[in-house]
Amino acid sequence: MLKSIAVMTSGGDSPGMNAAARAVVRTALYEGVKVWGIRDGYHGLLEEDMFEMESKDVGDIIQRGGTFLGTARCKRWKTPEGRMLGYQHLVDRGIQGLCVIGGDGSLRGASLLSKETGIPIVGLPGTIDNDVWGSDYTIGCDTAANTIIDAINKLRDTASAHRRVIVMEVMGRNSGWLALVSGISGGAEYILVPEEPFDLEKICEDMKEAYKKGKRYILVVVAEGAGSGQEIGQYIAEHTKLDTRVSVLGHIQRGGSPSVIDRVRASQLGEQAALALISGLSDIVFGFSKGRVVSIDLHDSVNNKKKLDPDYLHLSKVLF
Amino acid sequence: MLKSIAVMTSGGDSPGMNAAARAVVRTALYEGVKVWGIRDGYHGLLEEDMFEMESKDVGDIIQRGGTFLGTARCKRWKTPEGRMLGYQHLVDRGIQGLCVIGGDGSLRGASLLSKETGIPIVGLPGTIDNDVWGSDYTIGCDTAANTIIDAINKLRDTASAHRRVIVMEVMGRNSGWLALVSGISGGAEYILVPEEPFDLEKICEDMKEAYKKGKRYILVVVAEGAGSGQEIGQYIAEHTKLDTRVSVLGHIQRGGSPSVIDRVRASQLGEQAALALISGLSDIVFGFSKGRVVSIDLHDSVNNKKKLDPDYLHLSKVLF
Amino acid sequence: MLKSIAVMTSGGDSPGMNAAARAVVRTALYEGVKVWGIRDGYHGLLEEDMFEMESKDVGDIIQRGGTFLGTARCKRWKTPEGRMLGYQHLVDRGIQGLCVIGGDGSLRGASLLSKETGIPIVGLPGTIDNDVWGSDYTIGCDTAANTIIDAINKLRDTASAHRRVIVMEVMGRNSGWLALVSGISGGAEYILVPEEPFDLEKICEDMKEAYKKGKRYILVVVAEGAGSGQEIGQYIAEHTKLDTRVSVLGHIQRGGSPSVIDRVRASQLGEQAALALISGLSDIVFGFSKGRVVSIDLHDSVNNKKKLDPDYLHLSKVLF
Amino acid sequence: MLKSIAVMTSGGDSPGMNAAARAVVRTALYEGVKVWGIRDGYHGLLEEDMFEMESKDVGDIIQRGGTFLGTARCKRWKTPEGRMLGYQHLVDRGIQGLCVIGGDGSLRGASLLSKETGIPIVGLPGTIDNDVWGSDYTIGCDTAANTIIDAINKLRDTASAHRRVIVMEVMGRNSGWLALVSGISGGAEYILVPEEPFDLEKICEDMKEAYKKGKRYILVVVAEGAGSGQEIGQYIAEHTKLDTRVSVLGHIQRGGSPSVIDRVRASQLGEQAALALISGLSDIVFGFSKGRVVSIDLHDSVNNKKKLDPDYLHLSKVLF
């Protein structure tokens, strides 16, 4: 059993990272294990920006967006020398294992450290895109989806007043999950995702038909991986002659106080990560599958591509 | 295969009922089946307050709280004569099956109708309490939990300013689910639920200790089934001499625009309910288990008592 | 005293237009005067898309964004023939006066109608930009400013996690009001408005200095009239080498349930507009000055340019 | 000109207190004057819980509810000995003037200190009740009113589903301001305030009539000074036999991230308070009148009772 572990957040932030880090810290302390917080991800590890944590250091943070530990890019981590230096900084403090909360890139970086030095590593999927293989869920995806439907509600007000087409671009470079669930929830007429082909010309024909029949507005949700909202909007405007507006939500999707689901699940994941790490496990990522926490091989997780839930794809076709 | 079905909402309303009814209607129409909407639950059925629905009748409602179909109490439904009259009103219109969205009482009433007349009945669990046996989820529970943590956030602001104990009573006469998840999410120090015994005297001792150590506020979340917030607050005030305030959220918990989870899951349940009913199935309730839609025997559902998720109970102890 | 009036919304919509229209309708009915609603602005007037209204037609709308009456562009209104036709449609129904809720362009169009036909016209300033001369306030500006600070809160979470510069472009082609109040409220380090010159090069120097001293993030709010958020962001990124992100909120700013201020003030303005119109007044716009409803000459209102409140400009310099 | 001042928050907290304190601090520093923060109001002053502040001590707080300085009750302050001790603690640190942000009681306490010791005192009205004589506005009242209409929106959903009467009790022991503006904004059918008599029996008769005509729900907003929501609800239930529910919002009204108005006005007030105090003024309270900051004699402010705005009272009658 390990006696001392550390936790960091890395890569793009997502709502619920604080809840996850809090659960890691409190579980470790509950188990009588020392726990260190590393600031600004791998950058902070190389700069030795780290501190031993007490329970109160994670008080009053479960409701906050962002990450109180900070995160940063770190080029030096990409070199073996950088990673060896980071390892040394852990060893200097007697830290025997590391929990990394972040997306794909961050987990890959952690995997290399484990291979090269043998130090136990456990990962948690912190990204709003919900694109981690082996897990139905990633920390922050529920809050981000709710942020999007709030924006859709506001756009719908004004779209309906003006008889407009609204094109909303949401995050998801490789994954249409956010577009799909927020589109279903927001009552979008069209949902464009990278995983599924679509025919813009035909969509424009359908739209013209719908307006003739009296439709007051049409909502199109586009995952950034399926195309630029701006370009798609322009195409629609030209081909339908309908009044078309584009909204690109951008980084707002990463912020905000986390939802209940993101707080609870991040807490469950944080607890399991701490317990696994303390028991000496390594090279695993914790996620959710079938409603329960599951452990996924770190290698499998980063080397496989997750597919969109076919039930959601089906639903998006039946209900509109 | 049935040619014509009807849908109603009954009992206490919950956010997402509109999404469920919308999915029932659109699925039926997609399958080429007629679908009727019954207003104000069994009351409307007896009053013949019903209309055949088109797709646009459920447009622009997925984002609304409450139920556009309405709901009401109905004493006459409790008599066999009442139910036979309701059945006659369905038969008069050629309606061959009924989907009831509501809580325990409503599903029981539906079960009697099925037994006495043989008409197919499918139920959907519409209640914020998440207390339906066989399902991890009921329509509205996620929105309600998020409403509670918003309120907790506001109370925390003022509690922290004043060094107070805050007691928040939330809904859940037989079930501590809402209290448990909102307590975990809100970072509550104590969560009192009907399913677990608690020792108020000891809690008061702990509180006094925590204040001495500098704690700025303490949050207690109480399920209404575990005791009156008012009485528990008074007990704490007397035994700790700490400045204690009580908040009873009340019916606000039932309202509000539904969350993403409640919109998506209610839509999935509505689709499955319509498909099952159209295929002639009866006496089942659809819910979620292990992340997927499942069908539950209506009888089992209303006659068994759901237990609290032990993972959540455990979590509430480790993290605080 | 007029016996029958009409109300329309025109131009870009803004939150609170519904409250204003509701107050016009209910005040007219309270005074025993007939009141018509015209759909989709001048376009609906030309298409004769109008209906006599009852009190319940404006029930349950005070909390809604957008405008239930709709609004649309109308080229034909720009011709004297178009306006004469619209006038005829009013006369046909015995309508003796018109209340127009909208921005500058809409009020100008109304002014022409009044000049050419003599029909009494009263205007209400419906725009989020708060740029109507003679008034401290326009319908929707408070809701829009609150929408912006909610977005700023979310961006701040993620900016702080990453040590970033955030550039947020908000609406206001001719006016920096929204940028100024949301910037002050959101704690922006820099607020760029069309009314005041700024020196981007110097700003970049200051930013670099601030980061050296440990600042975790910098927020720049830009009114669209002061420059493109995208271009300003690029300039900052190049000149400071800091991680810079741009957010363009877009039409979300026009939507959302109106705030208390927008509901109450729109109601007060609607009441005064109806009373003035009924008494036969014409060519005035109602606004707020020194906390009270005031009437402004329609001509003055559209021909003068409003200045930014110097108190706000001063405040933005002292507090940051 | 003073060289060193202090600021505290006292009494019940309200949203925007942080913005006010921030403006006091930054204005003082901008003017080259030292500024101290006192924690937990008069209690902290007696306990010498105070610290000299820098600009960054008030960074990242403008968006927070509550008060980062804390507030507490203090019995000892009611004695001349207590106040003399507090004065001594100020003198010990070279503090020459005090800015108190709080309600009536807090300002009275400050007034005594000024009289007894001659130290300059400037007050800011921090209370959600908007009941300070001489000012149209108090810090926090806009946020509280918006919190109430959010709750009304949620209750409306469920009330409409059930055909219910909803009685909502809001804060305001001596003042009906909050009830009045939130009632007007929320479209309440009845608004009961301490300043105006009402006839519950007649109200019940009207309600029965309205339900017969098909009204789906009725909303009654009650200021706590006009009666207990619980008792009024019970009376209505008994006399109308309508399904009646009561909601008591409680302390949630004091919390939440401040609105734009509360942030901007609190900032303006804080700036003026600091400037006045530094220039040696004393015994004044800053408020808003006719849209501008005004100074009010402290004595007048606490000894006169503010009346409800007759325009609002009138509006509440015309629009419903």
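So that you can tell them apart, the chains are marked A, B, C and D in the order they are listed, and the count of residues begins at 1 in each.
Here, a contact is a pair of C-beta atoms (placed from the backbone, for glycine too) under 8 Å apart; a residue touches a chain by one contact, two chains touch by 3 or more.
All of these numbers come straight from a predicted model, not from anything done at the bench.
Participant: Quick check on the contact network: minimum steps from chain B to chain D?
Facilitator: 1
Participant: Compute the centre of every chain as the mean of its C-alpha atoms, then state which one is farthest from the centre of chain C.
Facilitator: Between chain C and the rest, the longest centre separation is with B.
Participant: At what distance in angstrom does the C-alpha mean of chain C lie from that of chain A?
Facilitator: Centre separation, chain A to chain C: 36 Å.
Participant: If you average the CA atoms of chain A and of chain D, how many Å lie between those two points?
Facilitator: Result: the chain centres lie 40 Å from each other.
Participant: Quick check: how many Å separate the C-alpha centres of chain A and chain B?
Facilitator: Whole-Å distance between the two chain centres: 28.
Participant: Specify, in ascending order, the residues of chain B that touch 2 or more different other chains.
Facilitator: Where chain B meets two or more other chains at a single residue, that happens at 153, 156, 160.
Participant: Chain contact graph: line, ring, star, complete or other?
Facilitator: Shape = ring; chains linked end to end, path closes on itself.
Participant: Considering every pair of chains, which are in touch?
Facilitator: A-B, A-C, B-D, C-D
Participant: Okay, in this complex, where on chain C does chain A touch?
Facilitator: Interface residues on the chain C side: 9, 13, 15, 40, 64-67, 70-73, 147, 151, 153-163, 166, 216, 243, 245-248, 250-252, 254-256.
Participant: Spell out the part of chain A that touches chain B in their complex, as residue ranges.
Facilitator: Those in contact with chain B are residues 22-23, 26-27, 30, 59-60, 62-63, 136, 142, 145-146, 149, 153, 156, 160, 181-182, 184-187, 257, 259-261, 263-264, 267-268, 271, 288-293, 311-312, 315, 318-320.
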